[in-house]
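Consider the two complexes below, in which chain A is the common component and chain B and chain C are the respective partners.
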Partner chain A sequence: METVDLQKTPLREFNQKLHDLQGSSDKAEFKVLNPRGKHAVASGIDAPVSVEIDGSVGYYCASMNKQADVVVNGSAGVGLAENIMSGKVHVKGDASSSAAATGIGGMVIIDGNASSRCGISNRGVDIVVKGNVGHMSGFMAQAGNLVVLGDAGDAFGDSIYEAKLFVRGSVKSLGADCIEKEMRDEHKETLRKILDEAGIGEEVDVNEFKRYGSARQLYNFKIDNLEAY
Partner chain B sequence: MSGEGRWVHSPPRPSATFDEYAIAEIQRAAATGIYDIRGAGAKRKVPHFDDLLFLGASMTRYPLEGYREKCSTEVTLGTRYAKNPIHLKIPITIAGMSFGSLSGPAKEALGRGANAVGTSTTTGDGGMTPEERGHSKTLVYQVLPSRYGMNPDDLRKADALEVVVGQGAKPGGGGMLLGQKISDRVAEMRTLPKGIDQRSACRHPDWTGCDDLEIKIGELRELTDWKVPIYVKVGASRPYFDTALAVKAGADVVVLDGMQGGTAATQEVFIEHIGLPILSAIRPAVQALQDLDMHREVQLIVSGGIRTGADVAKALALGADAVSIGCAALIALGDNSPHLAEEYAKLGTRPGCYDDWHEGRDPAGITTQDPELYKRFDPVEGGRRLANYLSVLTLEAQTIARANGKNHVNHLEPEDLVALTVEAAAMAQVPLAGTNWIPGKTGDQF
Partner chain C sequence: MCGIVGLFLKNRALEPQLGGMTATMLGTMCDRGPDSAGFAIYGSGDDGHIKITVRASAPDYDFAKLAEAVSHEIESHIDCEPHGNHAVMTVVEDKAANAEEALQRLGGEEIELFGRGTRMEIFKDIGRPNKVADRFHLDQMSGSHAVGHTRMATESAVNAAGAHPFSTGVDQCLVHNGSLSNYNALRRELQRKGMTFQTKNDTEVASVYLTWRMQQGASLGEALESSLEDLDGFYTFVVGTENGFGVLRDPIACKPAVLAETDDYVAFGSEYRALAALPGIENAKVWEPEPATVYFWERS
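Here is the complex of A and B:
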């Protein structure tokens, strides 16, 4: 394992080193010290590497991640793992707004709470938040899954498309076109797989969750829906 | 009719306020209960480049010889931070237009035409297609609020990135692609069900405000290893502050789009009533760059209603580094062509007026995803026509530059211009023709 101290090594140099591994099958391991809220730490990796960051990071940590396994032993700023393609990003603390925004694949795990707009415009990433999520989470989410073990804030799933939202706790309010949906066996199976992948399949009961998704009433403009617009 | 009969009724008098269009729109609204949606940009008459004239050379200015003395046109964009700035042979770029709003062959033609004359094309709300990348030597990749199709692989294939904050046709509005244009391929690229109306977000999902944008641009630079220029595109709205804030956020290039700039589909009321004409936006943007000592270091691209080489030259004279064309490029490809008159008539319109680009029924095969329609369009021929048109724009701008004694089109300057109207004089901050009066300015202007 290589240790990188961001108090000594410029972030640009570290990110370039990660980018230079693109296309290689090198399963290199990095330990990052002193991130001290820097932005775009470990962004844009496209290699099966492991990065463990000791401390809290700023905006866009592990953004557009492909293949890599990134762990943050701290909290993360806005846009954690935005546009993640594959791999896994695990934050042991809390995450700020827009965690996993526009993610296409892979998994994002947040042990604490996630702020507003968690999983906004989700296009396929699986997100597991062990605490609560803030308002407008799941906004315009197109695909993928958002699993919340705690509570969800206001306007949950507003303007949602085909993403699936699972909440174990309460939902303060649902956004436009988002409704509670039947939790059928296939959904429980989907949820179970996600929880297993997140390493908590044994300790969490899928039967405690409710499922939310699109009523599909706003998919095409209808004058009858005027009050919803 | 006796001579007295004519005094019984006054002749039919149309209202200037309730004109033919206003009445028809009230009737349409009453019949349907929904606002009108269309493509293209503002159609109302606004102060424009037509209201400016070049002075040419005279006793105090020496012209350059036409066809003999060189007048350069190349421009470099992205010199502030990018390792690999964009070098264009002409200062006229192709604006962002999505695959989805345009057919695949139309996007290909834009690339072919731009390549032929050495300029760039731009993706749009829907991502980058392999055909587009393959046919565009220099391709700008838009980072839009929707992030449809956004991925790091395409990001790294781009020659420049353009963070779209807004566009001239709808500052403050998101994208719209109606269900009839969502083919299987478009739906797959955007990760959405086929046939639904796609209302792209109007706000970016992962940043809000200028301070965030600075961090976002920093991230994009990290993702691309600081190689490519990063543009910030704004609709003409508050051009002084928007330009200053884009510079503060770290933009290499500011793209400023006036209300005449086109859209694939937007509410008519939005297009016609929100945003500024490009004529009024250029000087404030240039002033912001000058106040920050960034004019020519951060390049300014302006767009919205560029039609001729004169428009190009005037935009450059007001301080822009380059211009961008969208609607004009589509017209060059064959949009609104007279030979389609019969088919336009079936759609209830005529050549020169067709703007229902959102319906996907374009008989020219350009703004459609219908294979029967887009196979009519020949991308090689379309590319050739666009290249011809871009060449003419360039020749015209060179002609004007030489006449004003400039050996580079970017040497044109405001003092080469006068205005024909008080409004244009105030907006462009050049004297009213025959006077030394610039409205809003005091003191000796000579």
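Here is the complex of A and C:
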């Protein structure tokens, strides 16, 4: 394991080192100290490496992640794991707005709360938030799953497409075209797999969740609504 | 963009370090607002006296001469403490309005009044925020709480008067990240109610609005609550009063905000970076203020 102290090593130098591993199968391990809220820590990795960050990070931590396993022993700023492609990003504290926004694959786990717009425009990432999510979470989410063990804020799933939203607690309000849907066995199976992958399959009961998704009334253009434009 | 920092000390033993801690926080927010900066600091005050902070357009302006002329005019002593191109003029409370009028009249276009307070002093200028803080030796100032701002201008010109904080009432100041959209209409409405404005800036309208609400008898908390109804746009506000420190985000929470609290202080930063150097931050309670929710701390 290589230790990188961001008080001594410039962040660009460290990120460049990670980018230089692109295409290699090197399973290198990095321990990062003193991130002190810096932006874009461990962004743009495309290698099966592990990065453990001690402390809180700023914006876009582990964004565009491919293959890597990134752990933050702290909280994360705006745009955690934005546009994640694959791999796993795990934040032990809270995440600010737009966590896992536009993600295509992989998994993002947040042990604390995520604020507004968690999983906005999701295109295939699985997101597990052990606390609550803020307003406008799941906005325009197209695919993937958002699992919330706590409560969801206002306008949950607004203008959602085909992503699946699972909430164990309450939902303050649903956004346009988002409705509660039947939790069939296939959905319980999907949820169980996600919880297993997040390492909490044993302790969390899938029967306690409600499922939300698209009423599919909004995302096709209707000629009858022409007057509204 | 714009950056905001705020620090409210609960532990009085830290008061000599207030300026140093605030300067460090402000310095980390340079890249959120590199064109100008400002800060309000709540330090010591004399009972029955008002401090008026003025700025001169000329760097070598003779503040002592102006103070003497104003003293003569209002027949009351004015204590003048220059800080670069700013000066803090202290006058007995019942002569404060006369002093302000005389400062403006005798100082003419070379002088701008930035704020008045029993304890509040306000410094703001163009230039990189860390340089602005250095210019006024913020790191050597002490006090109970401070509010600072780094500006990336959108709604009005880059000049000292357009920098934040805006102060439109005694010991009141406001800093803002965001932009308001209904401020011209609201300014006209407030002007009809007799309120006056110094700039074309949107934040000044919010500041005058809060001052007007409080003149009508609202508490700061109530004034902030009503701004949720009357102000349209994006905002994270941090406000300072003689004894307190408040935070409000718009209902959509477009602009970032992080709060941290320990037994010693409450701190606000637009980003966590601004808080990273504070003592004990590792074990502080750190959270994002909820949208459309008023947060307020006050010293008893």
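In this text, the second predicted complex is superposed on the first by the 222 of 229 C-alpha atoms of A that agree within 3 Å, B and C clash if a C-alpha of one lies under 4 Å from a C-alpha of the other, contacts with A are read in each partner's own complex, and residues count from 1 in each chain.
Here is the rule we use: a residue touches a chain if its C-beta (ideal position, glycine included) is under 8 Å from a C-beta of that chain, and two chains touch if they have at least 3 such contacts.
Just so it is clear, the model here is predicted, and its values are computed rather than measured.
On chain A, which partner's contacts cover more residues, chain B's or chain C's?
When the residues of chain A touched by each partner are counted, B comes out ahead.
So in the superposed three-chain picture, is A:96 touching just chain B, just chain C, both, or none of them (first/second/both/neither)?
Only chain C; A:96 stays clear of chain B.
For A:116, select first, second, both or neither according to whether it touches chain B, chain C, the two together, or no partner.
Second partner only, chain C.
Is A:75 contacted by the first partner chain B, the second partner chain C, both or neither?
In the superposition, A:75 touches chain C alone.
With the two structures laid over each other on chain A, which partner does A:1 touch: chain B (first), chain C (second), both, or neither?
neither
Who does A:58 touch here: chain B (first), chain C (second), both, or neither?
both
Using the superposition on chain A described above, determine whether A:85 touches chain B (first), chain C (second), both, or neither.
A:85 sits against chain B, while chain C stays out of touch.
State which residues of chain A lie in both footprints, the one left by chain B and the one left by chain C.
Residues 39, 58-59, 78, 97, which sit in both footprints.
Along chain A, where are the residues that touch chain B in the complex?
For chain A paired with chain B, touching residues are 11-12, 15-16, 19, 39-40, 43-44, 46, 58-60, 63-64, 66, 78-79, 82-83, 85, 97-98, 101-102, 104, 117, 120-121, 123-124, 139-140, 142-143, 161-162, 219-221, 223.
Would you mind writing out the residues of chain B in touch with chain A in their complex?
33-34, 146-147, 150-152, 155, 179, 190-193, 195-197, 201, 205-207, 212, 215-216, 218-219, 222-223, 225-226
Mind listing the chain C positions that touch chain A in their complex?
252-253, 256, 258, 271-277, 282, 286-288, 290-291
Spell out the part of chain A that touches chain C in their complex, as residue ranges.
Per the touch definition, chain A meets chain C at residues 36-39, 55-56, 58-59, 75, 77-78, 93-94, 96-97, 115-116, 134-136.
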